[in-house]
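What follows is chain A paired twice: with chain B in the first complex and chain C in the second.
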Partner chain A sequence: MSTLRLVREPKKSEPILPNAVLGTLFFIIAESMLFAGFISGYIVVEANYPPGMWPPPEQPRLPIEVTAVTTTMLLASGVLLWWAGRRFRESADAAKSPMGLAVLLGALFVGVQGVEWVQLIGEGLTLTSSSFGGFFYVIVGAHAMHAMPAIVILLRQRQRMLRGELKPDAFAAARLFWYFVVLVWPVLYWTVYL
Partner chain B sequence: MALLPVLMMLSTPALACPVCGGGGANAQAYIDTMIFLSALPLLLLGGVAFFFWWKTMRVTVDEEPSGRLPQARPQP
Partner chain C sequence: MSEAAVHPDGHEHDHHDHEMTFVEKWIFPLDHKYIGKQYLFTGMVMALFGGFLAYAFRMQLAWPGTDIPLFGHMSPAEYNAAVTNHGTIMIFWVAMPVLIAAFGNFLIPLMVGADDMVFPRLNRLSYQVFLLSAIVIVASLFVPGGGFGGAWTAYPPLSAVAAYNLTPQGSTMWLLAVALEFIAFLIGGINFITTAMNSRAPGMTWEKVPMVVWMICIASILFMASVGPLMAGAVMLLFDQTIGTGFFDPARGGDPILWQHLFWFFGHPEVYVVLLPATGMVAEIVPTFARKKLFGYKTVLFTAIGTGVLSFFVWAHHQFIAGIDPRMANVFTITTVLISIPIAEMMFLYIATLYGGSIRFTTPMLWALGFIFAFLIGGVTGIPLGASGADIYFHDSYFVIAHFHFTFFPIAFIGTFAGLTYWYPKMFGRMMNETLGKIHFWGTMISFHCLFIPMFVLGLAGQHRRIYDFTNFPELGVPFLQDIRVFCTSALLVLLAFQFVFLYNFIVSMFRGEKASENPWNANTLEWATPSPPGHGNFKEFPNVYRGPYEYSVPDRESDFWPQHHPA
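Then we have the complex of A and B:
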């Protein structure tokens, strides 16, 4: 007598997250701790000064208004890249323009930050001029060191997109990293500038 | 429970550092940031773990509503 056995065929399941996105996610967690450490150090040192004495009176003031504008540009860049990601699902052509604009706004943000640094150094705010100067350049510089490679990666991905060679997983990972760069900046702006 | 008083006393030597244990706003900032730095990695990794759990549950429910093997249909 023969028996019938029902055997479940293994399904080809997709990973919950692509490897590129998962790797980027863990990198972002590590980098979040880096910035959290910087912010914590800044807050502890700031608390050491009497009220109204931070930044030290002899040090130049930071350009709060100009940086507010560049912060808005960076946030807009994040929104545009999110929009590019959504349109990329339809077609690569549809994502070209928002992605190009997002990269342009990100590059403008870094460019204006560079000009700001040159002016502040000219006014006497340097790494060694005070604790405030040291923290300012380390924190804002660390952010720029994340923003610049991200812009280069996004530029290269846009070129691949134009050639029709961009892989969705790689684009998703780059977008995720750019969201991190965009979202960590308002926290730094609020901590250091305001 | 017996370790609790010992753990509570450990915070006093930690505040012996002249920068962190100066008292006032400085010590408060030190304690606040210590809590922040201790909680943040747990929150971040916990968030990722929760996301995976939530996504796995969703995928499981979508693929196998009953969790059983499909029944053979009677042939006409």
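Then we have the complex of A and C:
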């Protein structure tokens, strides 16, 4: 067969990203805008207060130092999960300990956050005590509402990983979502705590 | 099986062209076509409901205080609830589900040559959340205290404090319904874009993708990028209503204008979220019935992207008299007037497509041309509203009402009728009646213009939007203006009556219509390569794509169309 083929059969183009990762990416875009909305609301209301009145002087101070430590823990958990992703390409066995540690650090972060909330409520900072309190709980709570399901998903994925059932795309999507949870936190910390 | 069906969502159901049971089709469908139809039918029911609310409050405006047939006497609170929920329902439960979700679900996999969406289970979840939201919004009108009456924009403090709005349950349910609906569309939008990006047929490069698929994807991206701030605002407003926080209450250190920013940061892109799919459908229909290539495919695409980007920088034109800095108003006037350039360009490209074509005035083509005509009036009347000086007079007048109904009615109804009549053979396997279709078209177009053109006059006369009974105002209760109101309401009654012609045609054709062939319009795009209606899994043989979607009347060819999947 040496006839000249005028029409080439078109080839299926390879997706740039797998479906699960791409879907998660778009979800993260929407979620980033959610936090952008909270942060801009915070900044707008803060700007209405005279200098020195925000946060309101009679309201308790936020535990900046403790949260700096937990922030570092959360960042470390992101790095560990990234590391787990690298190791996962070799074998599921190699990835299980960095992944377990990453989830543990993430859970610790949320746990310490919860203890902080209980203390702050005891000191008189509540959702209704001031605009500052309202924003604090709504913004930090919104982050926790992302972190907690993400931890549950990662735990489930770790079980599947141990059974050798974890699909690489699903793991990549969950990692991507965790990076979002990790990376949005320093921005919130900077805005609300500092 | 295409590769699209293998994905981590665990979509394992068999994709062979087997007959699905009733439950598989309508109760828990995973098939994109049935989910699309569920959205369509829900949207149509909600349109009847929204139309009934419009009927009720228009009757009150024309003949204040009289007993309205099928409704009875209308109190001021009921009037406010009817106006508010008419707007909310028509935008969020009619335009969005029909234009994006119904057509997006039905068309995207068919037009890109895939067997289904990439995440069928998320797709089903999306509809279920949407249905729940629809039930909540309808139920909110019947709770003690009545439905929310603080306008579809829900400005605080009126919307935030039950002591002001007197609808403690109605306003919370309204807000919950809107939030649920956004979650549904967020899930749906992720599905649309991922499918269009990853499941395209071999050979379908980006400049061979049908315009309506592009438009629905751009619209979904706009929605996803703009809905976050409104969700943030909705959470804060919900807490203001239920827990008693003071985010939007100035008395407690909050900022009511903040809500307006968060709302309109979403609200203005939202206009383009529903506009772009409608213009995309027009871009499919006009070349098919002009038998001519779409003029400037890439330019149409770039105008759509340009409009989308610009739409994020115009929101404060809704707040010119809300007390924003006049210098900021200047900036937003400029961006608002700028955005008319790409959209006008798009309309001109459609008109240029018609030039020199051999035009067939079928019902879908009439609707497409009607869309261009009516939407241009809507666009042009937006310019005086976008100018911050003129807006001081026009703000909250019937001029605004007339303007946005000249944009939203063409989008939500004229555009939908164009798409429905065009894809009906593919959706239901039968043709609609052309004569009834044309009667419906002319009846709707004429009565629609009679309904809204007089409202421009009312607006110029200074008639304010949110007034229950104009006879209480000596300047507005004069016979001349009251006659115009009666005329508008009469036009609305005619408009509503003609919709029953459509409903009759729609339902009867489903069972009695002439059987449709695979490609009744001799169109090029891939959905016409499937049987009418397509079975589960869509394509008998998965197509390859060899050329763009608008190769009509190519010289030296026997037929005047050249389907995308035919090898040379």
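Here is the rule we go by: the second predicted complex is superposed on the first by the 180 of 194 C-alpha atoms of A that agree within 3 Å, B and C clash if a C-alpha of one lies under 4 Å from a C-alpha of the other, contacts with A are read in each partner's own complex, and residues count from 1 in each chain.
In this text, a contact is a pair of C-beta atoms (placed from the backbone, for glycine too) under 8 Å apart; a residue touches a chain by one contact, two chains touch by 3 or more.
The model shown is predicted, which means the values in this text are computed figures rather than measured ones.
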- For A:191, decide between first (touching chain B), second (touching chain C), both and neither. neither
- Looking at the overlay, what does A:44 touch: chain B (first), chain C (second), both, or neither? both
- Does the superposition put A:131 against chain B (first), chain C (second), both, or neither? second
- List the residues of chain A that touch chain B in one complex and chain C in the other. 6, 11, 13, 16-17, 26, 29, 32-33, 36-37, 40-41, 44, 48
- The residues of chain A that touch chain B in their complex are 6, 8, 11, 13, 16-17, 25-26, 29, 32-33, 36-37, 39-41, 43-44, 46-48
- Residues of chain C touching chain A in their complex? 3, 7-9, 118-119, 122, 186, 189-191, 193-194, 197-198, 200-205, 221, 224-233, 235-236, 239, 243-247, 252-255, 258, 261-262, 265, 544-546, 567-568
- Message: So in the complex, the part of chain A that touches chain C is made up of which residues?
- Response: 6-7, 9-13, 15-20, 22-23, 26-27, 29-38, 40-41, 44-45, 48-49, 127-128, 130-131, 134-135, 138, 142, 167, 169-170, 173
- Query: Which of the residues in chain B end up touching chain A in this complex?
  - Reply: 19-20, 22, 25-26, 28-30, 32-34, 36-37, 40-41, 44-45, 48, 52, 55-56, 59, 63, 69-70, 72
